[in-house]
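Right after this note come the structures.
There are two complexes below, and they share subunit A, which is joined by subunit B in the first and by subunit C in the second.
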Partner chain A sequence: MKTCYINSAVSISTQDTFDVEKLVFKPLDYSNSTVKAKYLEFKKFISPIALRRMSSAVKMGVTASQLALSKAEIEVPDAILTGTGMGCIDATETFLEAIIANNEDYLTPTAFIQSTHNTVGAQIALGLKCKSYNNTYVNGAVSFESALLDAKLCIELDEDNSILVGGIDEIGATFSDLQYKNELKDDSEIRLPKSEGAHFFGLSNIKKENSICLKSVEVLHHLKINSIETHAISILKKCGLDEVDAIITGHKNDEFDVYYESLLENTFQNTTQIAYKDVVGDYFTVSGFAVFLAQYMLINQTIPEGLTVKQNKAKPFKTILLYNQEQGQNHSFILISTC
Partner chain B sequence: MSLQLELKEKIIELLNLEDIAVEDIDNSDALFGDGLGLDSIDALELIVMLDKDYGIKLTNPNDGKAIFQSIDVLANYIKTHRTK
Partner chain C sequence: MGIISAIGHTVEDHRTSLMASKSGISTISNFKTAHANSIKVGEIKKTNLELSKALNLPENHNYTRTALLGCIAVKEALAQANISDVFNYKTGLISATTVGGMDKSELHFPDFNSSKNAEKYISSHHAGDSSNKIANYFNITEFVTTISTACSSATNAIMLGARLIRSGQLDRVIVGGTDPLCKFTINGFKSLMILSDEICAPFDANRKGLNLGEAGAFLILESERARQDKPVLAYVSGYGNANDAFHQTASSENGDGAFLAMQKALKLAKLQPEHIDYINAHGTATVNNDSSESAAIKRLFTQVPKFSSTKAFTGHTLATAGAVEAIISILAIQEQAVFPNLNFKNPIPELGLIPETKLVSAKINHVLSNSFGFGGNCSTLILSKA
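Our next item is the complex of A and B:
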């Protein structure tokens, strides 16, 4: 079985994360229930003719993918695998609103074409003229992880040599607000804003200068709260490890944070613990940011400023475990390490 | 507002031509090909716009080639055929 290397990691998020040498995070704006990503000058990356039809998810995804391929020295990948929770929700909203406004008549093609969940993966393939395996996972909070798992298996089983993997989500004009109102119920305090972003990675079976190893990806729909620690330990054991140097968790400042606490209170209580959603907000594929962050930490051997860190042991980072869940379901564990 | 100006504003907004202003479009400029560079998806958007805003139903999309030659040609066609 071949080793799966992550040879590049690119992030577009609410912070300055795109193609920067040093990551420094600023506090997220909690005055609104939604926070947009920091949009780039997309004209530098995408032709104006293509750009005018693209929603922000497509713009972010296509741009991030270009840099991920370039950094990984991949011209045309053997597969393009994307994950998205809501797909191109903005175009979907536009299309659905047009249906209502025009009494199911006068339906225009652009929003319909752009509204499908696989638009980002398709646009990347079109731009590269790549006719290889192309799949988009739409599995809620484990959409990105599902794409990553597929890529890992393809590399390990020698089906593909190089794969582009990404997670993308955008904020729609209406849906995110409705989603937030539903979650808040009677509590009017904004615990964590909804946000958006795109994270792309160049994976390969060839080790390069700044490669890190993707050791394990596990996705579980159900996991009892008292089984989380045991499960995490079993993942480490399968990879020949007794401990990790850091754990990155998806704390959201809500009642489901107890799942993270159950992982961190015993075996891993003295492990460096990092939470990240308080600086980038929340969306279905935000775990892509966690992988980007872990890759940065392993390569630069430092934790970026502005993150919530507990038990910082200030020792070299060789292995990092990522754990995320959404409302007590859709648990994901990702283990990465230096090579 | 002249119909030509109205059409230019609608086309810019409808087709999301972010970098183009009304002044950039000459009434005789080709809308497709070497002119504004519109394509077949834009043609479908324009066909829907004709139906929705002017009550003109193009049953044969190929008719669009002649009708969408330029702003002047389009405006003349609308003046002759509009039902609203």
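Our next item is the complex of A and C:
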């Protein structure tokens, strides 16, 4: 079985994460229900004519994918696998509003065409004239992980040599706000704002200078709260490990954080623990940011400033475990290491 | 296998309708749309309430029609595979959908903020919700995901399921898709001007466009270990996925994506084109798809095997089409018969391909089934006789 290497990691988020040498995070603005990603000068990457027709999901996805490919020295990948929780929600809302406003009349197809969930993966393929394997996963908080798992299998089974994997979500005019309000228990509660971003990775069976290893990706629909720790330990065992140097969790400051606490309170209580959603916000594919962060930590051997860190033990980072869940379901574990 | 579509509520219903050449295309009646009289659809004549009752759901549930159709199909599939315990082997679920919870979102979008009854459907909008509901209904705790690559989605779900079994990640996986009719897709395809006001006529020179349909359709893939001594309905012997990389919605004239997907599937199955006994074509009856698919078939097959599109039976069930047609392909293997391509009169002049227009007996060992979607997503499955 071949080894799956991550040869590049690119992030577009609410923070300055795109193509920067040093990551420093600032506190996130909690005053609104949504926070937009820091939009770059997309015209450096995409022609002005193409840009006009693109939604922010496509702009972010196409831009992040270009840098991920070039950093991984992949010209045209053998597969393009993307994950998105809400898909192209902006175009979806636009078309939906038009149907309602015009009573199913006078509709133009543009927004409908752009609303399909696979638009980002398709636009990347179209731009690269890439005729190879192309797939899009859309299962809430494990959308990105599904793409990552499929990519890992394709490389290990030797179906493909180089794969572009990404997770993308954009804020729409209505749904992000609705979701935010829907999750609020009462108006006084302080909740993590909904946000957006794109995270792309170049995967390959070839080790490069800055490669890290993708050791394990596990996606589980349901896990009992008291079996999370034993499950994490079993993943480590399968990879020949007794411990990890850091754990990155998807803490959201809500009632479901007990799942993360249950993982961290015993065996891993002295392990370096890092949370990240408090600086980049919340959306279905935000877990892509955690992989980006882990890659940064393994390569730079440092934790960026501005993150919530517990038990920061001074030792080299060789292995990092990522754990995320969505309201007690759609659990994912990712284990990555230096090579 | 389990399936609910316009031609029946069970696999046996489908066998009966297909053998009797009985189309399920009708006029829409489950919900109001301005286009009711100008389009024909493949509608399941059961209301959400009837489907909910069949599943014994509590009254205040927030299952969308997507989740309901999915649950009905999975229920039949589990029963047919004689699976009462999903925990005895590692069991996963891979579903496919294009609309997700849109059937409820389009109804409640204006009053999501103000109505309690609407509020519960905010969380059911996203595409993964129906899969999560199906998983919870049947206690699936292992790998669960959803694929959305437009009209090739369910074929990709079957493909991933096969890969997960091949790699030993799962022993058993429920694969398929669910998509209900809704105003969003009706108006989307209407705005693209590719909906027919008659029963569709795939591969006909004068085809007028497609009929949208709705369905839930699932198959259960098992490893040799999990199968034990159960009978095998068919083998997934090959799959292929390629991108046309030509246009967001249109297929290329020579059908590059389709050609590559079929070629990959044959390679993985270690079969030559002449080994294919029947092609269940994507054949949506749009001008673009049928020419492009015909061109691709002609490029790959020097002698084109018996082929038909069964879209005039079920309508185009979008994300579910690949699973609907995988089941139809398996029925074709079981019956050793090619199901007819209804409404075909004249071949497309420049391509000249003539599908089977009547039910014909044939020796069928290998069926190739195509599904193509927006975004250039082209997928092919090869199903073989056990």
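In this text, the second predicted complex is superposed on the first by the 335 of 339 C-alpha atoms of A that agree within 3 Å, B and C clash if a C-alpha of one lies under 4 Å from a C-alpha of the other, contacts with A are read in each partner's own complex, and residues count from 1 in each chain.
We adopt the following convention: contacts are C-beta pairs under 8 Å (C-beta built on N, C-alpha and C of every residue); 3 or more make two chains touch, one makes a residue touch a chain.
Bear in mind that the values here come from a model prediction, so they are computed numbers and not experimental data.
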*Given the touch rule stated above, what does A:Ser146 touch, subunit B (first), subunit C (second), both, or neither?*
second
*Which of the two partners, first being subunit B and second being subunit C, lies in contact with A:Ile113: first, second, both, or neither?*
both
*Looking at the overlay, does A:Gly328 come into contact with subunit B only (first), subunit C only (second), both, or neither?*
neither
*Is A:Arg52 touching the first partner subunit B, the second partner subunit C, both, or neither of them?*
first
*asked:* Looking at A:Gly306, would you say it contacts subunit B, subunit C, both, or neither? Reply first, second, both or neither.
replied: neither
*Return the chain, subunit B or subunit C, that is in touch with more residues of subunit A.*
C
*In the superposed arrangement, what residues of subunit A touch both subunit B and subunit C?*
105, 107-109, 113
_subunit C contact footprint on subunit A (complex, rising order)_ = 80, 85-87, 95-97, 99-100, 103-105, 107-109, 112-119, 121-123, 125-126, 128-140, 142-143, 146, 149-150, 153-154, 156-157, 159, 174-175, 178-179, 181-182, 219-223, 284, 329-330
*What residues of subunit C sit close enough to touch subunit A in their complex?*
33-35, 93, 97-98, 100, 102, 105-106, 109-110, 112-113, 119, 122-123, 125-129, 131-132, 135-136, 140-150, 156, 160, 163-164, 166-167, 169, 183-184, 187-188, 190-192, 241-249, 256-257, 260, 373-377
_Show me the residue ranges of subunit B that touch subunit A in the complex, using the header's touch definition._
15-19, 37, 39, 41, 44-45, 48, 51-52
_Per the contact definition, I'd like the list of subunit A residues that touch subunit B in the complex._
48-49, 51-53, 102, 105-110, 113
